[in-house]
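Chain lettering (A, B and C) follows the sequence in which the chains are written, and residue indices restart at 1 in each chain.
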Amino acid sequence: MMAKNDIVYDPDSHLQTDKMWVIMGPQHPFSHGLWTLKAQLDGEIVTDAEPIIGYLHRGWEKECENRIYPKIIPMADRLCYAASMTYTHLYCMTVEKALGIDIPEKAKYIRMIGDEICRIQSHLMWLAAVGTDLGNLTVFLWSMREREFFMDLNVRLCGARMTTNFPRIGGVRNDINDDFVMYTKRCINRFEKAIWDVISLIDDSSTFVSRMKGTGVLTRERCANLGITGPAMRGTGVDFDVRRDDPYDNYDKVEFEVPVLKDGDSYSRYKIRIEEMFQSCKIIMQALEKIQAIGKNAPYRLKVPSKVPAGRAFMRMEDPRGESMMCLISDGSDKPYRLKVRSPIFVNVSAAKPLVQGCRIADVPVVMAMIDMCLGETDR
Amino acid sequence: MGYSSILDWIIFKDVMDNAFYPFASYNLPFDISYKLWEIIGGLIAWLVNLLLPGNGLSTWLISDEVSNVFALVIFMIVIFAIAFVVTLISLWMERKVLGRLMDRRGTMIGLKGFLQCVADGLKTFMKENVIPRKVDKTTYMWTAALIIGTSVLIACMIPLSPRWFVVNYGTGLLIIMALFALAPFFILVSGWAQNNKYSLIGGMRAAELMISYEVPMLIMIATTCLLAGSFNINDIINAQFDTVWFIVPQIIGFITFIFCATAEAERVPFDIAEAEAELVEGWQTEYAGMKWGLIMLADYMRGYVSCAMVVIMYLGGWLIPFASADMNGWIPEIVFLLKVWLIFFIMILLRGALARVRTDQIVNIGWKVFMPLSVLNLAVVLVLKLGGVF
Amino acid sequence: MAWSKYKTEYIDSDRSPAGSLWVMKPLWKVFRFFCKTVVHRPVTILYPYEKMWMPENYRGRPGLRFDRCVACGMCAKMCPTACIKLVETEDASGQKVMRPQINLGRCAMCGYCAEYCPLDAMTVTPEFELAEYTREDLIYGPKRLAYEGATEKMEIHLEQTLMSDIKNGNSERRISPFKIDRPVLDAAKCISCKKCEKVCPVKAVKMVEHGVNEKGRPILYPEFNNDACICCENCVEDCPKDALRINEVL
């Protein structure tokens, strides 16, 4: 009775009432970060919506043009606070492509581990946000607790918890040690058990499932037209993952599955993210084994020239939130001429209107939580 | 007249000997307040008599009529203080239990975190009384006062034992229910008066919430009263002493009523009127400082009343399980409160485990689940009653 | 394994929470967890009284080993937030020396100063409680930057592998760029101004006479002591005629 949700906004079937605009944000509990959603309400039903972004614009791309290449790495961390290593990784890959060098195998695997740790971290942060958006603080605290263990892994890996500043052009900052390998295995074994607490709290609870099922439905075509990427896209049935279909680093050498669901509603997006966390665990375990096979003294960081030859380079990668791309134009000096970032959320947030149209106002936080907003990368 | 001893003025009379004793049966809090007034009034009378011997004021102060009036004033304070402390303890319990089940510690200030309530009260008390310029000021203030007032009133009206009551009405349960159901109206009006879109939606939702659970709740109250044969709370509990606790024949009603009571208290799975994820704080958005603090307190008082109703209707009130009549005379107030906190613990678990439901879902649940269940419960009770089991 | 369990039970099958009694399973989970945390302590720590364990390589504020520093300015050059400045101070023997001063209000704790320090004078420290009453208090002078008990693990060594080494099959050699990159002179541009000799922090530049010019003045060309050089690029940057450049060994 609760699972079926057939609210479709049809102006003729409703009473003709006054519509009002409700401004949600930038200081609103539902907006994770600084952004505004203007929603036009007809009673409780949203008839129109408009996202407003730009509160966090810092001139990131312009500022990069005045910095030498290594100095951009700490800045790339700050693009996305929830998964800082992915953007740094992407930046380093772009510069390496411009330099035309191939980095050591070990560095590739270490970066991969870092990436997947960040993916789990980011998804757990999203899970926490879903909990509060649905009015349950237990999910929030339990998933934040799980996230804390991955933060500790970050500390062991590179000495910092959030803004890791770990990948370098030509490799990674430091080698991993035996402690890290041991603690990562232990942490992942623990996580695979502990996350079931949260799963049974959400997936086995009809309050959670009925809130998510059937809300924010997007079709495959709509999704393609809007340019949505990431778990939100895979939730609508598009079977595409950059890690598998256009592998960078060593993703073609590890085995993992890309979960795809056809429903296109909030619940399928939720399930895909949960499954992705398990797949990330799988990737980390495989990468650890491969690193141990490579040997301790293998190189992990190349010495790279400080100047990048003139030309342009483009790389894309699978961020926790979608497909992020970077395009570097170099003029042969030690500073980039232009560095363009394509962030997934900047595109995904444009789907706010089709997603929330026809929903109830109570569904807006849930539907938007499934986009997993991160304003650091959106506004740059 | 010469010097009179203070003991001439403080006479511990039996409260029942007072010609104007306002209650039909023995009332413990009134007894306490009567004794308190005998001490205070006797002291004043003695002092006045020392200064002005032979005046009429002293004898007037300790006469039966006047003692009664002042004892009633103290009685009100005592009753409110107890309800207040019980509410604070349930607030503390919620914070601690919720903290523990979220893997954190809960409040940590003084007495295992209990003094956090005092700190919160002081903090909200110190705040500036902010009234937004564009609200309808009269309605804004009055509705808040009425919401808090009715909540405190019903919290005080809950009897803790046969000797601890305010009024022993024949229609006790109905009066409580009637006052309980008033608050959503005030919330609706207050949401309108605040001139804020979030508050308006919150107020509308309060009305929506009310129409969805009030009817099944009333049906279940009627069922219990049918089983007991009376609306009087004392009679209901005596009936449970004579037969079994009503949770046994009415297990369906018990579970349904817990959910309805949660909705009545506007606690988490059903707190759509103040859903903080989408409506900031719902109808409380524009209330700041002490007003908000008192509304919060009133919320917990309503939670206490909801739990007390569950205990009265299903868990045998102040009865100790499988105990004889003699044992039940022993501190029944504590037994009652322990049961109330047990039910409140279940509510805390609900808050910890469940997500907020949507407005259309709560109407769905109310009319398609709770309503048939309550009618089924009524049918079961009717069969039992007609079959002569009760 | 656990990673297939979610897929088979939740994604592939059409599971409904009604199967686990709607809300009973989460209630039971939460109750069980409550009982667990009543017996054991919760996972949180009482922060000011208990502190989290931090590994030695934790990137807190930078720490300086005053005696090792030669004031090459590499940290100031590499700092992404430009919070490091070289200031004049006195060393133990009372001599005026330049040492870095860090404005921790701007510091991003990226660890670049420690990473790019050629002599490992700058380290990372596990100190993260840096609150002060004024902004001026956040500016750490060279003396205040010193960190007692800086250990070996707090140093960050820049260990890189040369691409040529990998080609030669000598891929296990790791080397710091400060040991192999050396400045080279374009003698045609040199005007013998001796600036490189002045700015060199380790006195690795020596002006050597190469005959006289047509006016009879001596022609001085810098010569680099490759063992002492730390590749701080000060000479390259300060050369007025761009006669020096760093030869990057790749």
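Remarks
In this text, contacts are C-beta pairs under 8 Å (C-beta built on N, C-alpha and C of every residue); 3 or more make two chains touch, one makes a residue touch a chain.
Being a predicted model, the structure only gives us computed values, none of them experimental.
Of the two chain pairs shown, A-C and B-C, the one joined by more C-beta contacts is A-C.
Distance from per-chain Cα centroids to the pooled protein Cα centroid is smallest for A. Computed centre separation for the pair subunit A/subunit B is 48 angstrom, with centres defined by C-alpha atoms.
Inter-chain spacing, taken between the CA centroids of subunit A and subunit C, is 28 Å. For the pair subunit B and subunit C, the distance between C-alpha centroids works out to 63 Å. Chain contacts: subunit A has residues 138, 145, 201, 205, 207-208 touching two or more partner chains.
Residues of subunit C in contact with two or more other chains: 23, 26, 29-30, 33, 43.
Counting partner chains per residue, subunit B shows two or more touched chains at residues 101, 103-104, 352-354. The residues of subunit C lying in touch with subunit A in their complex are 1-3, 6-7, 10-11, 15-18, 20, 22-23, 25-26, 29-30, 33, 43, 54-55, 57-59, 78, 80, 108-112, 115, 124, 156, 159-163, 165-166, 171-172, 174-175, 177, 248-250. Taken together, the subunit A residues at the contact with subunit C in this complex read 3, 67, 70-71, 74-75, 77, 101, 104, 138, 145, 148, 155-156, 158-160, 163, 165, 170-171, 173-174, 192-193, 196-197, 199-209, 257, 259, 261, 271, 274-275, 278-279, 281-282, 297-306.
Taken together, the subunit C residues at the contact with subunit B in this complex read 23, 26-27, 29-31, 33-34, 37-38, 42-44, 46.
Residues 97, 99-101, 103-105, 108, 349-350, 352-354 of subunit B are the ones that touch subunit C when the two sit in their complex. Subunit A makes touch with subunit B in their complex at residues 1-2, 7, 20, 22, 24, 28-30, 41, 44, 131-138, 141-142, 145, 201, 205, 207-208, 210-211, 360-365.
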